[in-house]
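In what follows, chain A forms one complex with chain B and a second complex with chain C.
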Partner chain A sequence: MFTELNSILNTTPDSFTQGEFVLLSDRQSDASFLIHHFLSLYLRARCRVWFVGLVQSFNHYSAISQRLGVSLTQAKEKGQLVFLEGLKESLSVLIPEDTDPGSQAMDFLRDPAVGLKSLYEFVRSSATSSAVGKHEEAEEKWGPPVLLVDDLSVLLSLGVSVGAVLDFSHYCRATVCSQLQGNMVMLSRCDGGEEEDDGDDEGSERLLKGLTHQCSLTLHVQGLPTGYCRDIHGQVEVCWRRRQGDGHHTQKKLFQYKVHDKGASFFAPGTSSAVL
Partner chain B sequence: MLPELLQGTDAGGFLIIQDSASYSGRHLLKSFINAALNREEAVHVLGFEVSEEELKDGLKGSPVQRLHFHNAYSDPLGWTDQPAFTVHQFRLEELTRLVKQTSHPKPATLVIDSLSWILRHLSPPAVCKTLQQLRKGGSVRAIIGLLHADMHQRGTVGSVCHLATSVITVAPGMKGDGAVAKITKRSKSGKVVLDEVIFSIKDDLTVVVQSKPSQLGPKQIDPEEQETDPTANLTFNLRLSNTEREAKEKLALPFVFSKEKKIALLHSSPGSGRILYEPDANDDYDQEDPDDDLDV
Partner chain C sequence: MAAPMSAVGKPSAERSPFNTTSFQKKTRTKLISIPGTRPSVQNGQLLVSTGVTSLDYLLGGGLAVGTVLLIEEDRYDSYSRMILKYFLAEGVVCRHELFVAAAQDNPDDILQELPAPILDDIAIHKPVEQPRLSCEPQDSLDAMKIAWRYQNLPKVQSALASSSRFGHYYDVSKTMEPEIRQAAKCHHFYLPEHPTQSSPAHSTMLESYSALLKSLQEVINREGFDVAAPMSKSRNILRIGLHSLGSALWGDDLSCHDNPKNGHALTTFLYGLRALLRSSLSVAVVTLPSHLIQDRALMGSITRLCDNAIALESFKGSERETNPLYKDYHGLLHVRQVPHLNCLASKLPDHKDLAFKLKRKQFSIERLHLPPDLSETVSRVSRGELAGAATVASACGSGSSGNKHLDF
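Entry: the complex of A and B
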């Protein structure tokens, strides 16, 4: 959890807006440090977290969260965190072992054309079942549910169409954000250049646009336009898309950031400590 | 022209609000819903992209009892057991049935949020056909649709917009919370009127037209270019008062030779040094015969 980012977004583990859909995106850069931020933020906020990790193993997230001061293993044992390890699950789908049928969540791998209904079913069934209080027995009260997905664009590489991914995110939003008043954080990456229309990378570009239309807050990470720099790792554009209290429809802010070993610092463009 | 459109589209009108990822047209759509509600019309919203709570949250202060929300948001594809309205029900019969459900003397306005959702799942010709039938069917007075233009191929956007009587394309403005709206209106006679305005939406969803960025001429000027005056807010003064001008004209510039300056330089004052020249024989140098001094 990065406290500087919390103050930018006006959130703390104790108080955050519910029903938000946060879209993380990056272009020729890496926004995954933001995923770790939100993961640790919501675990500290005592939310129940569903994490769909499609690009890294549980140990990877666990090791980084440890550095940020949150233990994923403990959270998992307490039932606070539900971790869908996409890498392992997909292996069991592709090389089925007859003993354990496993979950149905990754069934789309066999036939990407059917869409992501099975993955959504996993989210819905586990989220709604906990909401009615399956884990009630003498356990702590958890806050609103949170769904994190890292990352959506990998689904495109697995053969799922853009429309199917957008349907999936729409259903997740309808269930998690609207029905259960929880939050949702999704990462989507885009490798192509800014001004690329109808090119090869059309899929991820369209996905990003579609998700932008759905979400309420975007954090878009880019490299510096002037190239690599040792002290500034890139810039992140924060854009609030919902009508805020002060009457602005869309509010945009640009920050530069540097990722440290434990955390990250955010500052206004041009005010890096290396420059001043 | 934006206020006129808000005042009420004609019967059989079909208005499309086109937006992109950089600026959402939903606020303007809400303004249209608000305006229709205030005219005491029944409004049916076919909501794919926002939930009923979220929509009504934005319409605080409007008479929402005439607003009928048809929930296509929670389950548009029928993935759960009890879908309220799926995208495949987007047909003339189903929509007419929905609108006729409520008894209201006046034909209603149908708001579709958004057409993009439908276009993603149904073929564009089918969508266009349904829209056209709805317009001509008489069960709805007007249709207002939101369309995310950057989600579709240009041809799809074009063919849907051809059906519309008015198209409003919104884009982010240059400064503040103003946004730019490009309006194309086709009247029944076939005349096409184009307009471009900068507008902002207040908290009570009324639309304020701030200015017209440019007149539509053969060449459009960038709104930013036209607005900014380069001579405004300068740190120095570009204009001269009369006394300043006199002072300026009096001043002699350093490298301009006036008569006084020449005299001052050529006639040195008494007591100063003077150059005396006595011709020397050796100095008598003949250009024509440079070797004249050689003793050959």
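Entry: the complex of A and C
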């Protein structure tokens, strides 16, 4: 959890707006540090968290969360965190064995044309069952549910179509954000192309546009336009999209950032401590 | 200078008698027990050497176990192949197990070309050690006297290197002796020898890739490289070298068409490879003919599925070969991606302008810098200036004054 980012977004573990869909995206840079921020933020806020980790192993997320002061293994044991480890699940599908049919959630690997229905079923069933379970047990009072996905563009690499991914995110939004009044954070990474819209519909570009339309807050990470720098790792564009009355109201802010060992600092452009 | 170097190079068993104090540095003994590895300074990750010292430095000390290094081949695949051979040779010397897969050359041919290790550290330690005391004063006498203020300045060093030595040195002009090579346990995967059974179960992956993935998993399970395997015997590292993935010989059409039919085959394979590596004590180097792949977006997603990625751009055959600017180098090296495994901040390199060169015996990566300008025009101008200065001096001697050459 980066406190500077919290003050920018006006959230704390105790108070945050519900029903939000936060989109993290990057271009020629790496936005995955933001996923760790949201993971530790919502775990501290005592939300129930579903984490679909497709890119890295559980150990990776756990090691970083440890540095940010949150223990994933404990959260998992308490039932606060449900972790779907994509790498582990995929192996039994990619190298089929006769005995083990593999997990249902990663069914799309067998035939990408089917779409992400099985993955959505996994999210929906665990989300709704826990909502029921909460009323019955009432021993641990968890906050609103949160779904985190790291990251959607891996699905494209595995052969899933853009339309299927957009369907998945839309269904998740309907279930998590609207029905259960929870939050959703998704990461989508874009390929190096510098806005060269010359007719060919690149998958990740199209995905990013579709997701931007759905979400209520975007954090877009880019490298510095002036090139590589050791002390400033890039810039984040924060964009709020609020529906106020009849018109859309968007507000944009630009920050530069630097990732440290145990966090990240955000500052206004040109005010890096290395420059001043 | 020789003393600290020899202490570093010595195996830990030799040092243990001196280590009698009860205060011992807390280390994870499980990690130390594998030869040829060391924990990372930054995040405690277990590292192995790539065999190229400067590349190790560039990657933050070495390759982390469980990760993939992607090398984008240069046009003639000569330097990328050399890095792959360095990586395998380091595995032979450290007695790691090897897994070599190729579609073009037989893996045996690649193994026969491994560079010969320079095993000086074993041979040279012994004679150096006893006369060290007598040597040192002599050294100080022989040392050239320089002004004291320059004494503590570090030597200017353009080659990238870390302070302590990790890995071995190799002589690329010779090949490794067969007896050293055969001591290492090596698994082969040569695609033409592998009968590819058509498996309609998953449509995204090609048969060649799924056969490779399956044989990798077999080796990992059989030889006990799995992290979850019982710790019965001493652990070892599996080094995986995959040559020219994505080329047409693997049955892939990435490099042949603009819109490849099985465009997700390689990315799916790399995803499966990552899944395998993360749960085992193995490390992989993959080379890829990226100049044949037109689709930059696809290249981006391939890069993101590997942990480290570097690209080699050789001057061979290009007009840069004859450019005096680059006469010291054989090509440029681009760092496409640095790993951020188990840590938030990845260690970014200081410079992005890097070049590589192949010396007579050694491959090294250096910072790109311009050579001093000693071209003909410059020297002629300075000679003219000198002549002018000489006339001024003589004019000054004769007592006349007022010459435009004196104006600065």
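Here is the rule we go by: the second predicted complex is superposed on the first by the 252 of 276 C-alpha atoms of A that agree within 3 Å, B and C clash if a C-alpha of one lies under 4 Å from a C-alpha of the other, contacts with A are read in each partner's own complex, and residues count from 1 in each chain.
Quick note on the criterion: contacts are C-beta pairs under 8 Å (C-beta built on N, C-alpha and C of every residue); 3 or more make two chains touch, one makes a residue touch a chain.
All figures in this text were calculated on a predicted structure; none of them were measured in a lab.
Counting residues of chain A touched by each partner, chain B versus chain C, the larger count belongs to C. Of the two partner chains, neither chain B nor chain C is touched by A:76. When the two structures are aligned on the shared chain, A:174 is found in touch with chain B, with no touch to chain C. Once chain A of one complex is fitted onto chain A of the other, the partner contacts of A:158 are limited to chain C, with no touch recorded for chain B. In the superposition on chain A, A:44 makes contact with neither chain B nor chain C.
By the document's definition of touching, of the two partners only chain B reaches A:206; chain C does not. By the touch criterion defined above, A:241 reaches chain B but does not reach chain C. When the two structures are aligned on the shared chain, A:166 is found in touch with chain B, with no touch to chain C.
Shared-chain residue A:117: touches chain B; no touch with chain C.
Taken together, the two complexes place no residue of chain A in contact with both chain B and chain C. Residues of chain A that touch chain B in their complex: 117, 120-121, 124, 163, 166-167, 170-171, 174-175, 178-179, 206, 208-210, 212-214, 241, 243, 247-250. Listing the residues of chain B that touch chain A in their complex gives 20-24, 27, 49, 51, 53-54, 58, 73-77, 79-80, 116, 120-121, 148, 150-151, 172, 177, 179, 201-203. Residues of chain C touching chain A in their complex: 43, 199, 201-205, 210, 213-214, 217, 264, 267-268, 271-272, 274-276, 278-279, 296-297, 299-301, 304-305, 340-346, 348, 350, 352.
By the touch criterion given at the top, residues 30, 32-33, 36, 56-57, 59-60, 63-64, 67-68, 87-88, 90-91, 93-96, 109-113, 153-154, 156-159, 189, 191-193, 202-204, 228, 230, 233, 259-264 of chain A touch chain C in their complex.
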